[in-house]
Each structure stands twice: as structure tokens, then as C-alpha cells.
Amino acid sequence: SPQKTSTSTLDQATWVVGLDDSFAPMGFRDEKGEIVGFDVDLAKALGEKLGKEIKFQPIDWSMKETELKAGNIDFIWNGYTITEERKEKVSFSNAYLNNSQIIVTLADSAIENKADLKGKTVGAQSQSSAVTAMEKETEVYSSFKGGKAVTFESNDQALMDLEAGRIDAVVADEILLRYYIALKGEEKYKILSEDFGNEQYGVGMRKDDLKMVEAFNKAYAEMKADGTIKAISEKWFGEDITN
Amino acid sequence: MLKIQGLRKSFGDIEVLKGVNLELKTGEILVIVGPSGGGKTTLLRSINYLEKCNAGTIEIDGKYLMHEGVYASKGELKEIRKMIGMVFQGFNLFPHMSVLENIIEAPTRVFGKPKAKAIKEAQDILGFLGLTEKENSYPFELSGGQKQRVAIARALALEPKLMCFDEPTSALDPALTDEVAKVIKSLSQKGMSTLIITHDMEFAKKAADRIISIDNGIIIDDHIYDNGIND
Amino acid sequence: MNGIMGFFEYFTMLMPQVLHGLVVTMQIFGFTLILSIPLGVIIALGRLSKYKVINWITGIYINIMRGTPLLLQIVFVFFGLPLIGITFGRFSAALFAFTLNYGAYFAEIFRAGIDSIDTGQYEGAEVLGLSPKDTFFRIIFPQALKRVLPPVGNEVVTLVKDTALVYILGLDELLKIGKIASNRDATLMPLVIVALVYLVLTYILSKIMTCIETKYNYYR
Amino acid sequence: MNGIMGFFEYFTMLMPQVLHGLVVTMQIFGFTLILSIPLGVIIALGRLSKYKVINWITGIYINIMRGTPLLLQIVFVFFGLPLIGITFGRFSAALFAFTLNYGAYFAEIFRAGIDSIDTGQYEGAEVLGLSPKDTFFRIIFPQALKRVLPPVGNEVVTLVKDTALVYILGLDELLKIGKIASNRDATLMPLVIVALVYLVLTYILSKIMTCIETKYNYYR
Amino acid sequence: MLKIQGLRKSFGDIEVLKGVNLELKTGEILVIVGPSGGGKTTLLRSINYLEKCNAGTIEIDGKYLMHEGVYASKGELKEIRKMIGMVFQGFNLFPHMSVLENIIEAPTRVFGKPKAKAIKEAQDILGFLGLTEKENSYPFELSGGQKQRVAIARALALEPKLMCFDEPTSALDPALTDEVAKVIKSLSQKGMSTLIITHDMEFAKKAADRIISIDNGIIIDDHIYDNGIND
């Protein structure tokens, strides 16, 4: 196996951060085509602190763990939700951001709570943690029209479909969804008070590279303490929402 | 029946027909001979509106196919062409149809003959052309002479007023050639007018009422031969 | 996923999902085929028409359809048309885009096939007095059909694989099922399985095409 | 994105990225073309070979390549081959998979073209005593070339659009650039722009193909 | 030169050659006539190894192409075939090559003649076949007779020991036919043996040393005509 099991990422001079460059505002491309975002700034800060050269490698999100395992990238760092399933495949850093799976409908929708979703078409991003979160609430999930969610390549497409009236609600990461709603006009949408639970973002590293995980957590804590993290969070979200 | 005056046709720079004049009476059999490349095929194709000519007049059975360089309307063209039959130098059989299907296609589709009647007539024609055994063969299974006879049969089944043959006996043996001459003669007695291109002088003399010669795009000899029947 | 045993267990586990994906794939495939082939014939006729306008319009249509990615066409039909008030269902949108796209491809194939028929065949039909309609449907088209069978076969096989593009509409076709499972279980195994399913599918289709071609071999 | 003014501003802003994507697209396109056409000729010869083994191997190769989605082939080359110790770079992996895949398609096209040449041409060459090599390269292949130009043109246009599949390796080709921008700005405008770029690209390519076809029109 | 014994050939169920025996001396010109579908073309194609026969012996210039149903090895076949020239009923010209290119292809590629020399010789042949003006034309631009003459020229340029013609004058006028007969005669005096299929008895009598007839797959008349030169 080509996995770099014997050596630790920590020993490398260059770190490759894998990200889906369409994942605003965590990691995406700006108008000039530069890779930017909250997670990108975090990674850069970490690299500076530890004296590592940071490279960003865009990947297809559906290939992320495969990319990590194959050694093409060293981190999955892109609004990567910590789940039990994923823990079996990667080692997570400590959680650094809280997030919830919120439900959005059009402003004039009659849907007020999860129970109202019965028999309705619900959209989400394919292979996102939103799907995992919904699947956990089996009863609600199976009450959807078709017995499951309709999954799209991106949250943007799910929202477009919502506007076209072919789906009745979208479930997604709060952080991502708020970004889109801000773009498309807040007045068009309604965010329900109920959600599909809280979860946390972490950084994925190779499963057996505990040395790296330890070093990561230590460095993060120091950056949190010295205000680096706070500054970045304020830049992207207007306030410090990190752990 | 057929009257051609001042017919001119060029391919690019080369003028192939240089003012052809020709007259054919009803029931007459006219043979056109002449050296290779003289324009015989082009003339026959022009009469069938397969080549567009540059100038001249073509009158068929009192109707103008072309009048002083101007072609008839689409509807008229269609009517005129229905009267003409043609056997190509290259046969142009339909490869996906059997011998019989090739022959009955036009009688049934164009003239609305009942299929059984068309088949019966086709079999008669195939009979005296010695092709009875091949009626269900496809063109690719035929010898050169067999293909040629099918092409003749297909044209005959149309019972046209004016029939054009381009080298109809090039692949036929003398016995069959005689047979074809006989068929043409008997049809001409029933009123079919015939134009034949051939290099086979034996055949020409057997079939023709009159033989003319064309060379270098012009009729050079209007009366090589005349069997005297028509005059 | 250890060894052959693991493969079979995994295979059995995955089968119901794969079958579900297969059904979606086959539906798009079948309906597109049924709709786009006649469309292709009509467009091909337009392309060969002597009326300049029809000629020109069908030409532009073909160029646009073949000149832009099918994926984008699906996106425009599904996400774009609602902006101007035309809303399709998920499946109908996919079908609509696929039919328009494949209609253009089939049109080009048919046009080329018809063009390849020797002028002698037209002339033969013309001097027999066959109507343009008869000439086309009884003489030219049957012969063209034989010639276009191989490229049509190619297109059919491509269509099977192109159905995967409906993932963009949230339809769970074969390949998407495989990608989701591959990502979930961090193994390439589901993709291997999906590849095998495609292989079987295309194999069957090419056998069918060969049968049809053999049927047309009665003449040369 | 208000009106025509907005479009032009947006267009200007997006252009540098689009150009970057275009470069990636054109690289994959160009290299694949250069490599896969000769490969296609070789495989076609194998397919027509009288040696059963070669015939059979090239047949299987073609069936696998055409029978499974190119996307999966790219995944297998990039993620699968490292498992058996063969590691490609991102771009080389893409190129490798594309070449293998398009080689198979071109092979089928060439084979069909060669098959379509009348047996009379072989017989004519044979009785003149031409060697099999001369018969092929001087008599059969030049004529086949003329006939395969339209299907090759189709494949070339398809290739332009298929380059979009390298998104799976994270390469920033045209379509991905469009999708990212569309996603970021929550508008379909970037996709419209990308579609136009594809249209221009394929238009130029089909003009080139028409030129080549015209060059071959000196005989019928 | 050529010796055929008991040659049999079937297409599916139909036996087309039913035990043909034939002998041709060096320099002899043998004309084969016979009704359409009799098997003439098939016989010629068999001698050129374009059809595989079921039984019999074909010996050419002392070498066995086929010996009692068994064909020679690949290498031998190649050597034997280099000695034979053939003009097809359907011409089989190469459409992508000009008239001149069609003719010089084999001399330059197979026999390694310098190109200038091959062109010179080709132009000579085209000259006495009346095709000088067409040397740069492509086959599709030629009339039927012109194509046929190019096919003859192409075969003649090979200078084969044994030449086979399948209806070489079907599209030629009498003057050209005479010309072709003369060319064949003069080459036969230089040692070329010739087999000709034709329906044109005039041409046959002018060219032939001997005429035989084949019908229904068997030689039925070994001495229709003999000009007495060779016997």
C-alpha cells in the first residue's frame, strides 16, 4: 500500500490541503480565481506558525477520503463535518466550528416544522453531512416524498430547485446556507426554527498519523489564544464563532 | 416524338455537347454511335433531365422539357419524365431489392398496378430475357450480363413512350443481343420510340431504323444507315 | 473488503441500490432512444432540405446541440427555463435535454448516411418516375439505414454512459450510486461493480446491434 | 447581474479564469488527439488482423474502453493504479485515460472506414501485385481516410466536451471554472459564458474539419 | 504457359465451374465466349486467385497455383500473381488517383521502375489508346469507354506474362476496339499470353488465335475458330 504510514505528515516541509473549491465561504475561488475562504486563511496561518509551505489542491468532494488515503493530499480541510462514519476513515482534529443542519423553505411556504415535511420533497447536497443528519432521524426522513432526500451536486442547485418550486425545502449546513441566502436575497427564504441537529467541523488527517493530529491541536490552541483565529473569523463571519 | 435543337452542355471549361440537333419519330428506333468520349452518354442523360444543359431546346411528345435554354416547371417536368425510360451504362440497380422487386417497384408505386399483375408481367419479361431462375437473387449475386438484363427488364416494365438505352448489350452474348433487338423492335411496333447508344454495329444494324454518329459533341453523320422502313 | 469473499458479500449488500440506479439509467436510456431517433430523422431531412431557411435553422440547432456539453444543456433546461417560467419535472427535464441533444447527433449520422448513397441510386429512381417521397423511403433510406447502423450503435452505447449526467438533477442513477457508496466506504469497489454493470449493459446492446446488422447483410 | 451592462462587466471579470480553464481544456484536448489517433490506427489494424489472438485482444480492449464510462476509467487510473504501485500525476493520469479511451473510439471508426472500401479496390491492387503494405497505405487507407473524416470530426467535438471530466481529479478545466463561479455567485451566467466558449471552440474545430473534407473532394 | 484441369467452383449450392480443362501456349491469344452467366468471369477470377476453387489444378508458367485442390504457399502465390495482369469487367480503378497515377502505381511500387521512366511509358500507352488529354483526370471525370481504356492501360503497364481481359471492349467503339486488338497482338508477339472474355465476335476474330466457348460451367466447344497461326 502506498499510504505514508511510516512517516508523519509533520515531518514534511510542504503540506497539501485538499479542498472542494466551490465550498463558499469555507474554501472557494474568488472573482480572480484565487482560492480563498475561512478554512483557507486558517490553513495559511497554521503554515506560517509551523514554518510549513501550504499548497491547496482542489479535489472532487466525492473523492476526498480516497485522495487522502492515496497520499495526494495531507488534509481534508473544508467545512468537513465530524461524523462517526468518517472517524473510521480519517483522524479528526478537535472540532473548531459549530454548525447545525438547518431547514430552509421559500418565504411563503406553509411548512413550519419537521412534521410538515411529511410527503414533501426535500433537497440537500449529495454526500453532505446534511444527508447523514437527516438519515439519523429515520421517521422524519422516511416520511419525505420518495422516502428520501433529493440530492444535488451543490447547495446552490438545491436552492435553485427550491425557487423553481420542484422541491419544498432544503436542508444544509447553516454556515453555507446563510452565505447563499445573503447572496440571493434574505427576503425570499424562511429558516425554520427546528433543525436536524448540531454538529462540528474538524480537519481530517491520515488515520494513523496521531503525531500530526497532536501537533495540529496544539498549534490551533495557541492560535486561538493569541487571537489569530478570532481575527480570521471576524473577517469572514463578522464575529468569532469558533470553538 | 423527340426534337432536340442546338443543345449545349459544358462540364466546367469543357464543352461536351456543342449544339446537337436531333429528331425522332414515334415508333422509330434510332441508334447513336460514335467514338468514346464523344458525348453520347451526356446527350442521353440530358434528355432524361439528369444533366442540366446550358442552351437549346428539347421537345418530347409535344411538350417542352427545355425551351431555348429555359426548363419547364416542376410539375411539367414530372409529367414529361414519366414518359421516358432509361437503361444506364452502369445499370443503377437497387442493391437492397431482389430482381423481381427491382422490376415491379415503378409499376406498382408510380402507375399503381396491382402487385400480382406487375409480378406476372415482370416474370414474362424475365422469361424472354432468360432470367427466370434469378428472379429472387440480389444484384450482387448476378453476373455482368445478368445485371444488364435486369436493368433492361426494369425499364421495359415501365412501358415508356420514349426509351433510352446506354450500351444495353455491352455485357451480352450475341444470342441475347438478338433477343434484345427483337424485343425492342416489337415494342416499337406498338408505338415506343427508342434511342440506343451502342458500339456494337451488328446489334445496331439489327435493331435500328436509322443510325447516326456523334463525335466531339456534334452530330457528324445523320444517315450512316437507314433500313428504309420509316422513310 | 478482504479477498474474494468480501467482494461477494459487499456485492450482495450493494445490489438493491445498484438495481435502483439501473432502473433510472434504463428509463432515461429507453425513452431518449425512442424519442430522439425519429427526431433525428426529421432534423436530418431538414438538413438535406432544399429550402435555405429550414436548412439553416436545423444547421444552427445541430451546431448548438453538438457544440455545448450535454451537462450544461441539462442545467439550462432544468435550472434555466424556470427563470422564464417554463418548469419541467426532474425526469421530464432530463428526458427533454437528452432528446434534443441526441436528436442532433442522430440527425448528423442519418444525414451522412443519406449523403453517402451513390447518385446513381437517385438517378435510377428518378428515371423510373418514383416520387421524391418513394425515392427517399423505399430506395435511399433503406440503404442508408444499413450504412448508419455502426455509428448509431456507437451513439447508443454512448447514451448508456451519458445517462450518468442526470446526477446534476439529483436523480440517483447508476454512477451516482457508485460514487456515493465509494465515498461512504472509502473504497473503489462500488465503482468496479458499477463499471461491470455498464460493461454488461453495453455488451448486450452491442450484441443486439450486431444482430440487426446481420439481418441487413442479405445484400451488398 | 442587471441587463446587458452587467453581463459585460461580469464577462470581463470572469475572463482571466475562463482563459485559464480553457488552457487546461486545450492541453488535454490537444495531447489526447495527438496520442490517440495513431493509437487508434494501430488498434484498428489489430482488429482487422488475421491473427486470432491480436484480433481478440484488441476486441476486448475496445469493448472495455467503450463499454465503461470514461469518468470511471479516469478514477481507476488515478486512484486505482497506485494500489498496484503505478502512480501517475494528475495531468498524466487524465491524459493516459483519455488516450486509451479515445484510441478505442478512433480504432472503431478507422476499422469501419477500412471495411467500407469496396472489395474491387483490394482486387485491383492485388492483381497489380501491390504488397499488402502498399495496398493498405496507398490504396485503402487514403480512401478510408476520406470516409472517416465526418465521424472523426464528431469524435473531436465530443473530445472537447469530454475534457470536462477531469474535474474528478480536481483539474480546473473550463466547465469546472464555470460551475465554481456559478456556485459562488449563485447565478447561471458563468455557465452561459462557458457554453459560449465551448460553442466557439467547437465551431472553429468543425470549420477546420470542413476545410480538410473539402481538400479531399478532388475525387468522388 | 497456362494449364487448367478439372477446375470446380461453387457459390453456395450452385456449381458455377463444373470441371474446366484449358490450355494456353506462350504468346497465344485465347478468346473465351459463351452465354451470360456461363462462368467466364468466375474462371478468370479463379486464375487470378480472386476466387478460391473447390477442386482442380491451375498451372502457370510451370508453377502450380493450385494442384489437385491444394493451393500453393503464400510466397509462391505472390510470385505467380506477379506474372498475371487482369482487366476487370468493372474496371476497379483507384478513384483517388489520377489516370497517370493509376497506371504508374504498380510499375514504380512493385517493379521499382524509376518514376520518370514509368510516366514516359504510361504516356506512350495512353497515347495509342487516345487518352493523352485525360492523363490528369480522375476516374469520376471519365466516360465509360475512357475508364475502360485506363483499366487496359494500367494492366498493360505491368507487362505481364499472362494477361486476362474481362470484356475489355464493352464500352469501346469499333475504331478503338481495333486499336486494342492491335496492341494485344503486338504484345503477344513479344511473348505475352492472353485470355480474353468478350461478346464481341468481330473483336474476337480480329484478336484471337483461338476461340473457345464456355456454357453452364463447362467448356463446350474448344475450337470455334482458329486462325491457324499457332497450329
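The chains carry the letters A, B, C, D and E, assigned in the order they are written, with residues numbered from 1 in each.
In this section, a contact is a pair of C-beta atoms (placed from the backbone, for glycine too) under 8 Å apart; a residue touches a chain by one contact, two chains touch by 3 or more.
These numbers come from a predicted model, not from an experiment.
K.L.:
What is the chain whose Cα centre is as far as it gets from that of chain C?
P.N.:
So the farthest one, by centre of C-alpha atoms, is E.
K.L.:
Any idea how many Å lie between the Cα centroids of chain A and chain B?
P.N.:
Distance between chain centres: 82 Å.
K.L.:
Roughly how far is chain B from chain C, going centre to centre by Cα mean, in whole Å?
P.N.:
46
K.L.:
Approximately how many whole Å separate the CA-defined centres of chain C and chain E?
P.N.:
Once rounded, the distance between the two centres reads 50 Å.
K.L.:
Whole-Å distance, chain A centre to chain C centre, using C-alpha means?
P.N.:
Once rounded, the distance between the two centres reads 37 Å.
K.L.:
Note the residues in chain E that touch 2 or more other chains, in rising order.
P.N.:
As it turns out, chain E has residues touching two or more other chains at 90.
K.L.:
What positions in chain D touch 2 or more of the other chains?
P.N.:
75, 79, 83
K.L.:
Among all residues of chain A, which ones touch two or more of the remaining chains?
P.N.:
63, 66, 153
K.L.:
Pick one for the touching-chains graph, please: line, ring, star, complete, other.
P.N.:
Its topology fits none of the listed shapes; call it other.
K.L.:
What are the touching chain pairs in this one?
P.N.:
Listed by label, chains in contact pair as A-C, A-D, B-C, B-E, C-D, D-E.
K.L.:
Please give the residue numbers of chain D that touch chain A in the complex, ascending.
P.N.:
13-14, 16-17, 20, 75, 79, 82-83, 85, 87, 90, 167-172, 177, 179-186
K.L.:
Along chain B, where are the residues that touch chain C in the complex?
P.N.:
48-50, 78, 81-82, 84-86, 88, 90, 92-96, 105-106, 109-110, 138-140, 154-155, 158
K.L.:
In the complex, go through chain B and note every residue touching chain E.
P.N.:
It is residues 11, 33-37, 41, 89-90, 130, 141-146, 148-149, 167, 169-177, 199-202 of chain B that touch chain E.
K.L.:
Write out the stretch or stretches of chain C touching chain D in their complex.
P.N.:
Touching chain D: residues 63-64, 66-72, 75-76, 79-80, 83, 105, 108, 112, 116, 147, 150-151, 154, 157, 161, 164, 175, 178, 188, 191, 194-195, 198-199, 201-203, 206 of chain C.
K.L.:
Can you name the residues of chain A that touch chain D in the complex?
P.N.:
Of all residues in chain A, those touching chain D are 1-2, 18, 21-22, 24, 28-33, 57-60, 63, 66-67, 70, 72, 153-154, 156, 159, 180, 183-184.
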